[in-house]
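When the chains are written out, they are named A, B, C, D, E, F and G in that same order, and each has its own residue count from 1.
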Amino acid sequence: MNDILIYITSGLGALFVLLAAIGTLRMPDQYLRISVNTKAATLGVGLLLTASALFFLDLSVTTRVIAVIIFIFITAPVSAHLIGRTSYFIGNKLWENSYIDDLKGKYNKSTHELKGLNKRKNNEEETESKSES
Amino acid sequence: MEIILAVITGVLYASGIYMILRRSMVKLILGIILLGNGVNLLIFLLGRITKGEPPIIDSAEKVLEGVYADPIPQALILTAIVISFGLQSFAIILVKRTYKVLKTDDLDQLNTTDEDS
Amino acid sequence: MLAAVLLGFLFSLFLVFAGSYFKGKLAVLSSIIPISLFVYFLSFLPEISNGEVVYESYEWIPSFGVNLSFTLDGLALLFALMITGIGSLVFLYTSAYLKGHKYLDRFYGYLSLFMASMLGLVLSDNLMSLFIFWELTSISSFYLIGFNNDKADSRKSALVALGITGIGGLLLLGGAVLLGDVAGTYRISEMLSMRDSITDSSHYILILLLIFGAAFTKSAQFPFHFWLPGAMKAPTPVSTYLHSATMVKAGVYLLFRMTPVLNGGDIWHTILIVVGGITMLYSAIHIIFRTDLKGILAYSTISALGILVFLIGIGTQAALIAAAVFIVVHALYKASLFLITGIIDHETGTRDVTQLAGLRKVLLPVAIAGFIAALISGGVPPTLGFVGKDLIYESTLHFTNNAVLLTILAISTNVFLFYAGFVAGVKPFMGPLPKKFENIHLPSPLMWVPPLIMTLAGLVFGIFPGLIESAFAKPIAMTQAIAFEDFHLKLWHGFNTVLGLSAITLVLGTILYLKLTPSHALENSIAKFNFISPKILFLKLSEGFAVFSSYWTNFFQTGYLRHYISTIVAFLILLLGYLIFSDFSLESDFSTLAELTIYEISILLMLLAGVLYTVFTKSRLAAVAALGVVGLSFSLLFLFYSAPDLAMTQFSVDTLTVILFVLVLYKLPRYLNLSDRWLRIKHGVLSASFGVLITLLILRVLKEPKNTEITEFYAENAYKLAHGKNVVNVILVDFRGIDTMIEISVLIVAALGVFGLLKLRLKTKDKK
Amino acid sequence: MKTKFLSNILLMLIWVFLTGEYNFNNFFFGFLLSFIILWILSGFEEKNTKKYFKIVPKIISFFLFFIWELTKANIQVAYEVITPNLNMKPGIVGLPLDAKTDLEITLLANLITLTPGTLALDVSTDRSVLYVHAMYVVDKKEFIEDIKQGFEKRLLEILR
Amino acid sequence: MNIHDFLYYIILPILSVSSLLVFVRFFKGPSIIDRVVALDLLITIGIGIIAIYSILSDTPTFLDISLVLALIAFLGSVAFAYYLEKRNKNE
Amino acid sequence: MTNDIIILPLIVHLFLSILLMFFWNKLNFQKIVSVVGNAMALGVAIWVFTYVYSSGTQVVESGDWPAPFGIVFVGDMLAVTLVLLTAITGFAVSIFSTISVIKARLKFGYFSVFHFLLLGLNGAFLTGDIFNLYVWFEIIIISSFVLISIGGEKSQLEGAVKYFALNFFASMIFLTALGVLYGLVGTLNMADISLKIAEVKDTTLVEISAVLFLVGFGIKSAIFPLYFWLPASYHTPPSAVSAIFAGLLTKVGVYALIRIFTLIYGGDSFLTILLLTLAIMTIFSGGLGAIIQNNIKKVFMYFIICHIGFMIGGLALFTEVAMAGVIFYLIHDIIIKTNLFLISGLIYRIKGTTNMKKLGGLYEHYPKLSLLIAIPLFSLIGIPPLSGYWPKISLILASFNAQEYWFFGALIFGSLITLIVIAKLWSEVFWKNQPEINFPEKFIYFNQLRFGQKLTFIFPIAFLTFVTLYIGFGAEHIQQLSERIATELMNKELYIDAVLKR
Amino acid sequence: MRTIILKSASSYLLPVLLLFSVFILLRGHYLPGGGFVGGLVAAIAFVLDAFSNGLDKAKKILKFHPGFLMPVGLSVAFLSGISPLVFADLPMMTGIWAENPIPVIGAIGSPLFFDIGVYLVVIGSSLTIIFTISESL
């Protein structure tokens, strides 16, 4: 029973990781890549860790695995958020097929203050594209 | 395996030195870091490598028995890593400060001290 | 004798601290020292002339065999009396010559220092202590030549003199060490019995060359002679004392001393005769092209020194005694002439012999002294000079080889010396007195009495040569470890060849003096040949050397870090390559090595790619990120190979480094591609070769079996004795805890450094 | 609530020490046991602490809900990644927030990010809007409503 | 096929291939954001590899390293974001 | 317990570093503590020295782990002599620092780092473990990095960057050598290495490790062709710092070379040729460099290089006589080079420059001071019977005995260059009249200082001069000591037996 | 950085990370970990806080300059190193051990205090470096 669980969790975990990898390679813009990366990889690694917890079936291992999983689940989205918003700052454009951009023109370029939805839209020219050297 | 690692160590040495030979101070530091890694790998490798047998005594045992990795090179590398860390951080700041004072990242501009005066 | 030697040192030390308080009485105070020493040494005369040797030894540095051993034998006594005797007169003379000089205390300090060193030199029985005093004479000479240190000329002459005598000193050191080693002692008196074993040793030639080098430089032999005319920049008392009477004879003294030890036959004779011969004639000829009195005297001094070396080279009993007598002769007349020149210079303000005439009318006692000095110098009977010259011809005539040639050489030289003595001692006083000199008055007796005393002594010794004979000739011959054949110094030997030669010399000398007038035209005519003179060659050589130094230094010290590193790397490649390929074998047994798995390959690929990316990317930030990849790969690698602690540490440190980098990076400029392609290729080849060598080195080491004694001890005892199960940690905090303690200190210092670097801002004005 | 939780843990530890069996089951049992004990005892205490006992089941249900969402969305993304065509309708949507405190906003944002297909990019400085990047924004209103009714509501229930 | 073989011959290769794929993204960029994301993902995959490797080598202690990895990878991303934001602000 | 006193110098300096860090901003307190602490360290060093002198080599096994399993400290005569010399120079330099280093710099942990540096030096001399030696080297270089760069302006930073890069590189080579050595013998205790290296079959590998050590240490001790960093950096920091660098930093490299070449690689013919060649080239390059310099600090720096060659050459000859010469020279050199840089600091304070072309008239205006300075200068030249002279006897003798005439030539060459250049320096700086130049205005000149401050400048120089005079006139003692050390070094069994308690 | 998400996440992570760092420190003698890594983790926790809440706040949490930890930590290590010399007449760095081991940490002895010293020094120096840089930006 336990063995089967290990097969499943590890197999699924590896698949999700692979998915994240392919996604990172295939997705057309930074935001989509971040998106794919965070989810699939986090889930995948969570599963892989679970597999090891199942394998050892030991309290100390299990607690550590849980700790790692919780930690990853807390930090991964935070860093995704940071990177995503930074990507927007430095002017990485959305994929050409993108549908909507509510964020456009909302950032004050010098203070990095972000406006809410109800405020007047202006300074659109501020989001010109730039890329790292 | 060791052969490949030996090659990689060589590559690390070569890259490190190559970068140290560049004129940019940032590259100099990158080179220093790479070279440091190369040296660590060399020590690790020459201490002989063992797969999957860390030098940690099982909770039930009192001595380390059977096959186990040599802990000494590990301890040495650990010390070396920490020291390199200290040196590297200092170097990074030194470069920053030098850039601020000299307004250049070009090592070739740093040759007034060797002029006869 | 130790006290006698130390006295001068102590006095000069005393002057350093108290000199300024005794300004007025300095002269008296100073002169007491040489005078009392002269008396002291004079008191030994009876003993020494009886063939006794006074010996005194104090242990100093027995580990080196260096002791303060002094012997007073005939040779030493001759020199000691000369040093203290002429010293006394020079000290007195100085008191008038430099009266009221601001730095009179310094001058006496240097002079006493020199006197003491010179005494030490001639009294030492220990070759090492002889060397020590030898060097001290060079140093005091340096200070005396450069006494007028505000003049660039003086400084330069002092430097040249020190340079030449410095070379000699070092050669002497080498020779002394080697001789001491061969003989097993530094005691000269002990070496005397070992002549055969020394001359037979394989180092004999080397010893000889080193000792000769020392003697030739110190005694201004060709081609090292040129420092001596330069040394005439010193005040006249210095020229008198050091550069004619005493110091320059140190080389001669050394040869004298070494004759019984090192005279091993042809080499000895040949070198000394050739060098001495060239020197004596070469500088003798130079005399006629000089107009400066001091210059004339300088060249005649060199020539005289050449004669001495020449005589020692002949090395027969007659020659040696001739040399001993000639030393006395030369000291007496040359010192006198220098002092006379000093008086003339002091009173008239010029030393140009073409300007000087008729001074007898105002400086009569000086003129008398000058005349006698000229007679001694010219070897005119009944002066001691005549006795000396006779002895010289006696030795050349009886030498086994080339007797005729040598005799002709001696005669020619003596003719020029005759000329020199008369030009310096007689010419300024003859003829009508020019108007400008009419107001001249005879200076203080302190100045004109000393030369008079010396010349009169030369006269007296000439009339009673037995004085010299009993006092010195025999004892000196004894120091030469040769059986003293019955030999008498006489003024009159009867009509023989030697007398004829003397007569020829006098006639030719008189003709030369009468026919040849010193002139600037003559002086300028020889200036054309300056470019081949040893002095110019030496200066050219040292200039060339400076250029070469500059070239060599700048070749390595370019200021470019990459040059320094690439030189070091190239050097390493050379050595490692040589060693690795000296016995290189491709065949290797790697069956014991670990197998390779897929995940390792992927990690290694990642590592490799990360490294290469770091190197080749054009973006700094990407390079830093790639460094993160490298760190990750490393940490996984460490993990696979059983080093979890390392994996953790490597990764955290790498990340922290990346953070630091990132924090600093945007304050730095973007990457520039500064090197050109050729340089990149060059560096690439260099670093790649080094990498290849490292790889080969690793593979080769891995073939060797490894000793695991220590590792096993840790495995066995980490828990039992050190209560830890993570052996790596146990090593870090217990087995090798000191490492860790210092390692954290390194971190602390680094942090302090970072703190200081970024927080400490010096304003340029209060810098330092 | 915090003190309650701590008491719970403390009790669990005491149980474990008493039993001397340091394994997972024992800890779990200890936790459960002390939880029940505290629940029973809480009847005599003030009202505020009662919340703790209501929340625990809610957390569990929320957790399960989240896992479900996660899996669902992952499959969607997986499909997207594996299939050759890219049929996405991505965009950045401003999501008006009911969540107010830092913790609420952060948790919500993180949950949104963890759910495949959506990525919380930033919160407006006045905390009124959460900007979300989404892979499938077919209908903006529906998208906003989904999140507000799903994650935000459930989350706020637990936190408030 | 036992668990060991399964992990060894199937799971680890998948993870290895995944990391190489991600590395391709790292290479390609084009934006620094892509590199940071790729690095982050590489570390995450590393955590997965460690989990599996700890099973294979029967050494649960290796899992601790994954915690350090997770912690620090996070900080790395934060630092990069910090840098990029600051740089962008200053320009 | 009693033999533990040999690590007292380490404890004293570590304690002082920590203490000074706690009193970060208390400048006067720092000065007093550092000077008093260094006086204490001097006392301790004398104690340790006399103890070892009378009781023989002492071994401390840290952690009570028997050698070769733990780190041992070995106080043999060489080590404790160097510890004593470190204490002497440290004492002098700390006094000099209180007056010559500007306040701002002192406020940023100068003294603390200074004591870390001394700690490192003492540790390097005392340790019997090769990796531990590396660690001590690192504390030395990081301290020197900090001292050389803090508060630095243009030239100082330029020097610091190069100094850093080359020293880091040297450390890496050192580590590489260590790795190779460990891979061959599996031990780090130097005595143990000495025994086990004999069992290594592939002697080429042993030679390679020796070459790596040679280059690693050679960079630090500034031998040809590895010395480039030295002229580029040593003259840039404050004189007090240069002084300690000049006196001790290069010498610690020499010490390491002496230690490993006597204990581990003794007498290998390839290495002998290599070392000798390098020594000759070092003397040559250092001498040529010294000739063309106009800045007295630079002149002294090239002399450091030149005279390192003397010692390396003596080491290469590898006889007891030569070794005694090397040790004597080392003792002389540490004191003299430290003093020379203090002197250059004093000259800088007097005139505001160290450029010979701008200097002059010192003898005229400071005759007694000039004569005081003349003593170390003459000792440097090796004017007998001052300190630099005596070791040359042994070196020359050894070169003759080994029939290495090239080395003899180099010795003569080096000595001659030293003589000429110092004479030139004397002539330019002391004899020549002060040329008319624009002196910096906002500068506190020596004659503006209070008497006590002047004394603080002069005392360390006089103190070191006194030591130099002792070395010269008490050469018998120094030579006996050197011979004893040479005997200990050439009979490595003595060391090994003491460490491994065989 | 102006982001609520990071700010609140880090304020929750900080105590957890510190706890974790102590955990890593204490278990070092038995399992991978120890003073150095532990100290780095703690330092990283504060750096994270500095990133998200600003340097001033991170400094306020510490109450004193992190540099102060350096002499303190070194003192701890130093004292644990020389205490055997001073108190037990044993060579420097000799381990002095309590009779009975306790859970998680294992045997209590001077090496543990030594490791704690390392831990403090690492925190102190890493934070000094990073804070100084941040201030000078």
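Here is the rule we use: contacts are C-beta pairs under 8 Å (C-beta built on N, C-alpha and C of every residue); 3 or more make two chains touch, one makes a residue touch a chain.
Just so you know, these numbers come straight off a predicted model, no measurement behind them.
Participant: Applying the touch definition from the top, give me the chains sitting in contact with each of chain B and chain F.
Facilitator: The shared contacts of chain B and chain F, listed by label, come to C, G.
Participant: With centres defined from CA atoms, tell me which chain sits nearest the overall protein centre.
Facilitator: F
Participant: Tell me which has more C-beta contacts between its two chains, C-G or C-F.
Facilitator: C-F
Participant: Quick one: report the Å distance separating chain B from chain E, using the average Cα coordinate of each chain.
Facilitator: Their C-alpha centroids are separated by 22 Å.
Participant: Whole-Å distance, chain E centre to chain F centre, using C-alpha means?
Facilitator: A distance of 48 Å separates the two centres.
Participant: With chain centres taken as the means of their Cα atoms, state the distance from chain D to chain F in Å.
Facilitator: For chain D versus chain F, the centre distance works out to 66 Å.
Participant: Counting in whole Å, what is the centre-to-centre distance of chain E and chain G, each centre being its mean C-alpha position?
Facilitator: Computed from C-alpha means, the inter-chain centre distance equals 26 Å.
Participant: Do you know which chain E residues sit against two or more other chains?
Facilitator: 15, 17, 19, 32, 36, 53, 59, 61, 64-65, 67-68, 71-75, 78-82, 85-86
Participant: Which residue numbers or ranges of chain G touch two or more of the other chains?
Facilitator: Those would be 1-3, 5-6, 9, 12, 20, 30-33, 36-37, 41, 44, 47, 67, 70-71, 74, 78, 92-93, 95, 125, 129, 132-133, 137.
Participant: Which chain C residues sit where two or more other chains touch them?
Facilitator: In chain C, the residues touching two or more other chains are 550, 557, 559, 561, 565, 619-622, 640, 644-645, 647-649, 652-653, 655-656, 659-660, 663-665, 667, 671, 694, 701-702, 706, 708, 710-711, 714, 725-726, 728, 732, 734, 736-741, 743-755, 757-759.
Participant: Can you tell me which positions in chain D touch chain A when the two form their complex?
Facilitator: Those in contact with chain A are residues 22-24, 27, 70, 73-74, 77-78, 80-82, 86, 88-94, 96, 106, 109-126, 128-129, 131, 133, 135, 137, 140.
Participant: Write out the stretch or stretches of chain E touching chain A in their complex.
Facilitator: So the residues of chain E touching chain A come out as 3, 6-7, 10-11, 14-15, 17-19, 21-22, 24-25, 30-34, 36-38, 40-41, 44-45, 47-48, 51-52, 54-55, 60, 63-64, 66-67, 70-71, 73-74, 77-78, 80-81, 84-85, 88-89.
Participant: Contact residues on chain E for chain G in the complex?
Facilitator: By the definition above, chain E touches chain G via 61, 64-65, 67-68, 71-72, 74-75, 78-79, 81-82, 85-86.
Participant: Mind pulling up the chain G residues that touch chain B in the complex?
Facilitator: 30-32, 36, 125, 129, 132-133
Participant: Inside the complex, what are the residues of chain B that reach chain G?
Facilitator: Within the complex, chain B contacts chain G at residues 54, 56, 59, 78, 82, 86, 89, 93, 96.
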